[in-house]
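Please find the structures below.
What follows is subunit A paired twice: with subunit B in the first complex and subunit C in the second.
== the complex of A and B ==
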C-alpha cells in the first residue's frame, strides 16, 4: 500500500511538472518525428525500389515495428542512469537516501511519471498517422495481439529500468558512467531494431537480439511481425528470465552501493 | 578580429587543460565515444547489406559520412560547447557575466565550456575520413576537396548551432526547444545519403542544412563534383553570416534576471 502511494504520488507530481513545460513536449514530438518519420520515409523509398518486400517483409510491418521502438524511446526510461549519476556527483544522493522511501523505487516511478505523457501523446499521434497511411497489420485483429502487447510492454519497461539502473548504480564506484552508458545504449539501439528493423537482421545478429538483455528490453518491436503470434510465449519467457536475473543483480548492487555513500562525508 | 581569435585559442587551450586534468575520465570519455560512434557505421553497413545500395551509396560512403558528421560535431562541441549552453545561461541569468565581458560576446560565450567526449568524435572523424580516403584511392584533388569541405562543413555546423541555440533566448523553456530543433538538424545528417531524393534533398540542403555537413561533401569528393563542392562552400558562408545576424538579434531579447547572484 505504501509502495503504491509512493508510485501514484511520484507519477502525479511528475505529470504536473511536465504540463508546466510545453517545450519538453515539443522536443519529444520533434525528436520522434525526425528520427522515426525520416526513417519511415527512407524505408518507404527503399521498399518501393525493391518491389514492396525485402526478405519476405512488408513495409507495413517494418513501419509499425519502428514506430513501437521510437514510441518506447520517448518514454526515456534510459535517462534513469544519468539521473542517478547526477545524484551521486551533486551529492543529492545523501538527501534522497535519508528519506523514508526506497531510492530505487522513487527513481523508477519518477522516470515513468516524466515519460508517460509524452509517450502516450506521441503514441496516439503516431498510431493514428500510421493507420491512416500504411494501415494496421492483419495480426492486430488477432485476439492475442493486444493482451500480449500489454504484457511485453510491461516486461520491456521492467527490463529497461533494470538494465539502465545497473548502469546508473555503477556511478557509486566509477563516478563518470557516460562511456558505459553509451555502449549499453548503442547495444539496445542496435539489437532493439531502431534503424535496422529486426526482420532484416542477419541470422547471428537476430539470435543475439533475442537472447541478450539489450534486445530483450525492446521485444515490443517484435510484435509487428506475423510470427509474433506463435513466438510470443518464448520471447516473453526470455524477457521474464532477464528481468529476474538483472532485477536480482540490481538489488544486490544497490545493497553494496549504499555502503559506499558517506553522508556529510564524501 | 586578431584579438578575438587569440582569446578564443587561449580559452580553448585552458578548457582542454582543465578537462585533461581528470585523466581517467578524459580518456574513458574519448575512447567510449569512439566505440559509441562505431555503432552507427555498423548499423548502416547492415542496412546496405540487407536492402542493397540506394542512390549508389556504398559502405565506404557511410564511413566517410560518419567521418564528416563526427568531425564537425566533435570540433564544434569540443571547442565551442558554450553555444549549446546558451539557453541554460539565459534561463539562469548566467548570461549576464558574458555581456559584461569586454571580449567579443559570441567568442566569449562559445568558448566558455568544453565537451570532453567530443574529442572522441574528432578522433573518430579523422580515422573514418582516413579510411574513406584510403578506400576510394583519393587523388590530390580529392584530398584538397576533402580538407576544404571539412572546413566548410564545420562552418555550417557551427553556424547552424549558433542559430538553433540563439532561438533559446526567445522561449522560457529555450533549452528543450533548442534541443528538439538540433535533433531535427543533426539526425538526418547521419542517414544514408542515397535515400534523399527530390523534395527531401532540397529541404535538407537549403532549409535545414543537414546534408551540407556530410552527404553533399562525400558526394562531391567521390564524384569530383565541383558544383556540389561550390554549393557547400557558398552555403557555408551564407549560413555563417545568417548565424551572426540571428545571434545579435536574439541577444537583444535577453532580459537580465534579478537573481541575487553574480552568475554561475
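== the complex of A and C ==
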C-alpha cells in the first residue's frame, strides 16, 4: 500500500513539475510530428509506387506501427539511464539513498510521471490524425486487440525500464555510460522499427527483433499487423521472459552497485 | 545513557584506477593499476541519545565519509556500526525512518515546485498519513518561519531560506537523530545564527540527537556540547567543547601596548616568540610548557616600557588550527 501511494505521489509530483514547463509539451509534439510525419510521408510514397502493398503489408498497418513506436518513444523511459548517470556523477544520489525508498522504483515511477502526459497528448492527437487520414486497421475491431495492446504496453514499459536501468546502473562502475547507451539505444530503435517497419524486415533480422530484448521492448509496433491476433501469446511470453531475466539481472546489479557508491566529499 | 551511534574500528578505503603512462592503452583498459586511499582508518566512538556532537576536521579528514557510512549511503571496508539499533549496511530503509540528513552542499528539495510539495512528498516517503503530514508541516512552518516563502518554488529561495527548508524537510518524520554535513556553509551570520537556534530548539523540544560536521567554529561553540576531531581518517581528540581551549592551551597570548612607541625589538627568551611586531603593539605567544606566563611577563617588562597588557587564551579556531597542524606535521614526520 505504501509503495502504491509513493508511486502515485511520485507520478503526481513529476506531472506537476512538467506543467511548470508547458514549452516541453509543444517541443515533444513538434518533434513527434516532424520525425513520424516525414517517415510516414516517405513510406506513403514508397507504398504508392509499389501499388499500395509491399510483401502483403499495407501502408495503413505500417503507419499505425510507426505511430505506436514514436508515441512510445515520447514516453522517454530510456532517459532513466542518463538520469541515473547524472545522479552518480553529481553525487545527488546520496539525497535519495538515505530515504526509506527503493532508488530503482523511485527512478522508474519518476520517469513514468515525467513522460506520461506528453505521451498521452501525442498519442491522442496522433491516433485522431491517423484515424482521419488512413483509417483504423480491421484488427482493431477484434475483441482481443485492446486488452492485448494494454498488456504489451505494460510489458514494453517494464522491459524498457529494465534494459535502460541496467545501462544506467553501469554508471556506478564506469561513470560515463554514453557509449553503451548509444549502442543499446540504436539497437532498440532499429529492432523496434524506427527506421524500417518490422513487417519489412528480412527474415533473420525479424527473428533478432523478436527474440532480442531490444526488439522485445518495442513489441507495441507489432500490434498494428494482422498476424498480431495469433502471434500475441508468443510475443507477450517472450517479453515476459525477458522482463524476468533482465529484472533479476537489474536487481542483482543494483545490490552490487550500492556497494560501489563513491560520493564526492566522502 | 542510551546510545544513538556506536561505531567500532570503522575503516573505509577507496580504490580507483590510475593511468600508467608506461603501459599501453589495452593494459590500462583491461588491467589498470589501482590506487588506494584510506578515507577513514579504524575509528571508534559512540554518541548518546540527545547529545549534540560536532565532528570536525580539515578537508579530506574523513568527516563526510563517516556521515555517509552512518546513513547507509557508503559501505565500510571493515568495522561495525550501530545507529539507533540498526546496522546501516543491512537495514538502510528501517534506519532511514529514524534519521534525518542535511547535506549543506546538496539539495534534497524539488527545485521547480513550491516547498509545500517537497514537504508533502517527504511525508509520503516516510509513510505519514495525510493528517499527520498536514499537522507536521504546520508545526515546522511555525518553528522554522517557513510561512513567508512556503508557496514559492524552491529554486527561487535565498540560501538561508533554502537551508531552513532543508532542515525542516529532514525533520518531517520527527527523526531521533539528525546528521548534518556542513549545514551552515555559505550562510551569512544572521542566517547561521537562526539555523543554530533552530537546531538547539529541536534538540531541546524533540530530544533529537545532533551530529554535525562543520568548518565553522561558531557552529561548534554555540551548538555542540562535545567535539570529536578527526584528521587523516583517525579520531585525534574527543572531548567536551568547553574543554577544547583548555586542553590545548599550551600557548598564552599577550598583547603589549607601549608607553610611547616600540623602536626596536629585542631577542626573546626561550618559550616566547613574537606573533606581531609593530611600533604601537606587540603580540607574543608564550609556550607554557617551556616558561610560565608570569616569567614571560617579567621578561617583557624588563625589555620594554609598557603601558597596557592583555593576556588571553587562544580562541577555539586557533586551538583547532593548532591541532590540525600538529597532527599533520606528526604524520609527515612519520
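The rule is short, and it goes like this: the second predicted complex is superposed on the first by the 261 of 266 C-alpha atoms of A that agree within 3 Å, B and C clash if a C-alpha of one lies under 4 Å from a C-alpha of the other, contacts with A are read in each partner's own complex, and residues count from 1 in each chain.
Just so we're on the same page, contacts are C-beta pairs under 8 Å (C-beta built on N, C-alpha and C of every residue); 3 or more make two chains touch, one makes a residue touch a chain.
These numbers come from a predicted model, not from an experiment.
**Q** With everything superposed onto subunit A, say whether subunit B and subunit C fit together or clash.
**A** On the shared subunit A, the partners fit.
**Q** Look at A:2 in the shared chain and tell me whether it touches subunit B only, subunit C only, both, or neither; answer first, second, both or neither.
**A** Only subunit C; A:2 stays clear of subunit B.
**Q** Answer with first, second, both or neither: which of subunit B and subunit C does A:176 touch in the superposed model?
**A** First partner only.
**Q** By residue count, is subunit A touched more by subunit B or by subunit C?
**A** Of subunit B and subunit C, the partner in contact with more residues of subunit A is B.
**Q** Quick check for you: in the superposed arrangement, does A:27 touch first (subunit B), second (subunit C), both or neither?
**A** In the superposition, A:27 contacts subunit B only.
**Q** Quick check for you: in the superposed arrangement, does A:258 touch first (subunit B), second (subunit C), both or neither?
**A** In the superposition, A:258 touches subunit C alone.
**Q** Could you tell me if A:195 is touching subunit B, subunit C, both of them or neither one (first, second, both, neither)?
**A** first
**Q** With the C-alpha centre of subunit A at the apex, what angle separates the C-alpha centres of subunit B and subunit C, reported to the nearest 10°?
**A** Superposed on A, the angle at subunit A reads 80 degrees.
**Q** When the two complexes are placed on top of each other via chain A, what is the minimal CA separation of subunit B and subunit C in Å?
**A** 8
**Q** Which subunit A residues are contacted by subunit C in one complex and by subunit B in the other?
**A** Overlap of subunit B and subunit C footprints on subunit A: residues 21.
**Q** Which bits of subunit B are touching subunit A when the two form their complex?
**A** Residues in contact with subunit A: 25, 28-29, 31-33, 35-36, 39, 42-44, 46-47, 49-52, 54, 117, 171-177, 179-181, 183-184, 187-188, 191-192, 195, 197, 200.
**Q** What does subunit C use to touch subunit A in their complex?
**A** For this pair, the touching residues of subunit C are 14, 39, 64-65, 67-68, 71-75, 92-94, 96-97, 99, 101, 103, 105-108, 110, 112-113, 117, 120-122, 124-127, 153, 181.
**Q** Please give the residue numbers of subunit A that touch subunit B in the complex, ascending.
**A** Those residues of subunit A that touch subunit B are 21-24, 26-31, 34-35, 38-39, 41-42, 45-46, 49-50, 54-55, 175-176, 178-180, 182-183, 185-187, 189-190, 194-196, 200-202, 205.
**Q** Residue numbers of subunit A touching subunit C in their complex, please.
**A** 2, 5-6, 9-10, 13, 16-17, 20-21, 91-95, 97-101, 258-259, 261-263, 265-266
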